[in-house]
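Across the two complexes that follow, subunit A remains constant while its partner is subunit B and subsequently subunit C.
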Partner chain A sequence: MTDALIRVEHLKKYFPQKEGFQTNYVKAVDDLSFTIRKGETFGLVGESGCGKSTTGRLLLDLIHPTEGEVYFEGEKISAMKPRELMRLRRHMQIIFQDPFASLNPKLKVRRIIEEPLRFHGIKNRKTRDELVRDILNVVGLPEAALERYPHEFSGGQQQRIGIARALILRPDFIVCDEAVSALDVSVQAQVLNLLSGLKDEFRLTYLFISHNLSVIKHICDRIAVMYLGKIVEIGDREMIFKNPCHPYTKALISAIPIPDPDERRSRILLEGDIPSPLNPPSGCRFHTRCPSCKEDCGGHEPELLEVEPGHFVACPYWNA
Partner chain B sequence: MKLKKRVSVTTVFAFVVLGVVILMALFPQLFTSYDPTTPDYESVLKGPSAAHWLGTDEVGRDIMCRLIYGTRNTMMVGLGSSLLAALIGIPLGLIAGYFGGLLDNVIMRILDAFLSFPAMLLAILVITIFGNSVPSLILTIATVNFPRFSRVVRSNVLSLKDREFVEANRAFGAKNSYILFRTLLPNCVSAITVQFSLLTAVAILVEAGLSFIGLGIQPPDPAWGSMLQYSQNYLSQASWYMIAPTVMIFLVVLAVNFFGDFLRDLFDPMKQR
Partner chain C sequence: MAEKILEIRELETHFFSSRGVAKAVDKVSYSLKRGEILGVVGESGCGKSVTALSVLRLIKPPGGKIVGGEILLDGVDLLKLPEREMRKVRGNRISMIFQEPMTSLNPLFTVGDQIMEPLMQHRGLSKKEAKEEAVRMLAAVGIPSPEKRVNDYPNSMSGGMRQRVMIAMALSCNPEVLIADEPTTALDVTIQAQILELMKKMRDELGTAIIMITHDLGVVAEMCDRTAVMYCGSAVEEGPVHEVFKAPSHPYTRGLMMSIPKLTEESDRLYNIKGSVPSLFHLPEGCRFADRCEFCTEKCKKETPPVEYVGPNHTVKCHHWRTLERFSDERR
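Showing the complex of A and B:
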């Protein structure tokens, strides 16, 4: 592996659910392993409830894993002392799904953007002010925005404020948790372009979490598809979109709307709902809804198989 | 914070009433020429007249004078106990709500114990230990009331702490103390001000109750609550006696409420403009 920025090994997160005397576990993230290389945009895609956002929060140590490890530039995050973790936070930031909910409604934009600077001990007011003005410029907001409150802005502008806040410490790695899902399509495009531009300018690495395959296709270099807490397929963008191997990925890709009314295509319709992560199906978790399910699929959990260099699929019948 | 916007009627009312009350508490002698404690057996339970605007009480003291001299005690007990209760109750509520788990359980169960304790019993206990004085009254009433602050704040924090801006704070490396007092607390202000004005009113009335069993402000020192208490005995002979303290308590409670609204709007950026 070349230049891994983030390495995830056997990451698990189980949330306990107490029911009477019994404690069941929601297996939100169940045994994930992947690496994110320096400078790439890594996409994490899947339905709601498949554990994408939990994964993002685990990487930032906002919640602690039940099992498994996250390494940032080779350093184990779980073994870090509070001081080292603080230093790490300078390098890892997050952009949230709901831009308004992620901004404290009681604070002016200036204060919101400079908060991370305060947390990291940049005491000089002048320095802070300069940094804030710089970053505001970078994300394309007018300086007048500084003295206003978050609710006075549109969704797209609010998200720009969120981006400015994430960038102000000049991080290396940003988790974009559904960063454009709450925005209008036209605004989505603006924000996506802004994010791509920033990536080059600040040499960033993104973990881009989304349920929207079109967005993922637009911005990501490598993609992991998740289903019920597990990765079912992982590979470069072209591999995933040109040659999807897992039945679930195939179904997802066939569901992307094509903006051409004459285009005819066969859609793979999945039946039923996503099963509860409280009690996931045995064996391959997808077998209850899989259009090409075989007899033994419920029997054993499929391993990730390398179907071509850098392209892994968790389905033994990917070739069938 | 800019104050250029139109000031509402209720805010003016709050400032006027509280301003006058504070003046009365600080300089009662400016408002009346009578002495609040000297009896005048010549004029017992007289109705309002040119000499005694609000009449006289059961030993012939001027009611308006006692009302004015009673302001200090009443406001000290009312506001003092609410302030003390807020000072103790709010941090506990913040901590219990934010950290949750065992700590939350321990704190809240202790507070439940305080809440289930009868106020009067507690008052007797505190006053036996510390003697009968305004500070021990403040302490007593604050002890009874602080769990209410904790509960309100805790429930607010529970709904706030999983919001993304709090999570953002953590992601950007904020210390817990920053999250508690700089992020969560300002977002609880509106609930706190409401609770504060309600408890101030309650404290003034509790003082009245304590006076009744001889644990409040000691006669002959005046206080609104105890005046209200004594006036009950003369309801049929001197019905005007009770009106004055009632109106004063009502006005002050209303003013504190409006002042709370003013504070809430001041801290709520969405209400501006």
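Showing the complex of A and C:
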């Protein structure tokens, strides 16, 4: 595909865990390959510990992969010199889950938002001031906000400050790591609308990480479902929600409570807990909880199979 | 059995600080029938948890105080009971489970010890009997090999397991009312589904009435018989889940329903309620939702709306609910 903004090849991240003389590895991300196309919103969804946030950080090189490569517009990120990487960072930004924890409480909002400009060498104070006022307007904060501190704002407004900071360098790519998860529903709707508006205005590409399938469905064009460090299913939004093929995706979708009392669905209840990523099950990682597990599922690791154009599933029995 | 087991009438709980008085709960009324699941929904800071804590009288002065109202458990006002009597209610007739199962279990005692405590305290069982009962309860909430797990410490259990332990503990004395404060918010969806299923099963088997506090409208729709919607310390709408979801009578309820992304519908933009929740220290006069409401008129800014009956079991606090009803009829 020529229009790929980000290409990920066999990405792995293992975190060492020392126990006495023994070192075990948490396989947080284990052999991911996918591409994010220019201008799309790509969703990563999964439960806690599935490696979705680690993947987001790997794409921005905030942590280094154990193995594998990330390409940004065809350029290998791992091969870059620090200077080049710094230049590249202007084009990729991140918005975090907890808006308050990601804003320095000792700095005024003006300083927080202009920090990236200072870092990237925009010395002229007047230019900076103009850019900051511009962006403040874009994210819907009053100008009076500039001279105030983060704690004076509500959660939704704090998230707007975080978004302003991410946007000020006019990036191409933004990772939204659970960006609306900490917000109340009425505010969540405001921020989601803001994010989709900004995407059109600034021609952004998003990697949208969330555990909330309804939010993912609302905002994403393509979706990858992760389970214990692996992608189990990947495809366009309609494919994933209308025709989920992996047993985990099916269970995940059926587990979401629907806010409609008339909607009565048969629910696939998974048994047991998510296994520890320190000691993931052999073969298909989902086989210990899978309602349609076959004898050989624990034996070999399933490959991603193309079940329809652009729709891949890591389960040999998806059709059964 | 349509009899009310718990009735909250005009409850007022205030918090006092140097910044002034925060009316966290301001004349909240709702009731719970035997064996029913009532969903209390609202955004953070709307007073849904404080109401629940007030029921158990767990709000302690000087910080916070229940300044008015009645809480009737089977007709007896809990606010008038001496502390000694109140202790016989907590964990026995009314028990509670919390959002974060780790912080509400004591890390220094085994889960067995913690389930045994209320059994020995309230039901006067011997240690041996209590242990047997604890094992039975753990089995009932679906913990595998309960006779071994009873000797485990909370840290060796996963979030879902801990919440099961909390449920076992809360139900051990067969309470009439169980208050569940965001019991599944900290859990993953597949685990949430398990816990919700378990709570429903326990209600069916034991007949416990449940107050389910949550911000997730999906959980309410799937679990509850009736719902109370709270905003800024006030219960703005209360009624059967089906009526409230299908024909919301308060503009806030309506806005809330429309602003959640839905799995079953397609939409480009979400409806959003403008503005944000006002601070409890500077509540507006009149209707608290007035500043954010599409249907707001001069009257709303001056007069606090009274409780009005939309149906026999359906109440709303809004001057304009009739206009709104016409509006939703047209939409249908």
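To be clear about the criterion, the second predicted complex is superposed on the first by the 319 of 320 C-alpha atoms of A that agree within 3 Å, B and C clash if a C-alpha of one lies under 4 Å from a C-alpha of the other, contacts with A are read in each partner's own complex, and residues count from 1 in each chain.
Keep this in mind: a contact is a pair of C-beta atoms (placed from the backbone, for glycine too) under 8 Å apart; a residue touches a chain by one contact, two chains touch by 3 or more.
None of the values given here were measured: they were computed from a predicted structure.
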In the overlay, answer first, second, both or neither for which of subunit B and subunit C A:S78 touches.
-> neither
Identify the partner contact of A:R89: answer first if only subunit B is touched, second if only subunit C is, both if each is, neither if none is.
-> first
After lining up the shared chain so the two structures overlap, which partner does A:D98 touch, if you call subunit B first and subunit C second: first, second, both or neither?
-> first
Who does A:E115 touch here: subunit B (first), subunit C (second), both, or neither?
-> first
Can A:F241 be said to touch subunit B (first), subunit C (second), both, or neither?
-> second
After superposition on the shared chain, which partner residues are touched by A:D273: those of subunit B (first), subunit C (second), both, or neither?
-> second
Have a look and say if subunit B or subunit C is in touch with more residues of subunit A.
-> C
Touching residues on subunit A, where the partner in the complex is subunit B = 57, 60, 62, 86, 89-90, 92-94, 96-98, 101-106, 108, 115-116, 119-120, 149, 151, 162, 165, 169
Subunit A partner, complex, touching residues on subunit B are 163-165, 167-175, 178, 183, 186-187, 267-270
Contact residues on subunit C for subunit A in the complex?
-> 43-44, 158, 160-161, 188-194, 196-197, 215-223, 241-242, 245-246, 255-257, 259-264, 267-273, 276-277
Contacting residues of subunit A [partner subunit C, same complex] | 47-48, 154, 156-157, 184-190, 192-193, 196, 211, 213-215, 217-219, 241, 251-263, 267, 269-270, 273-274
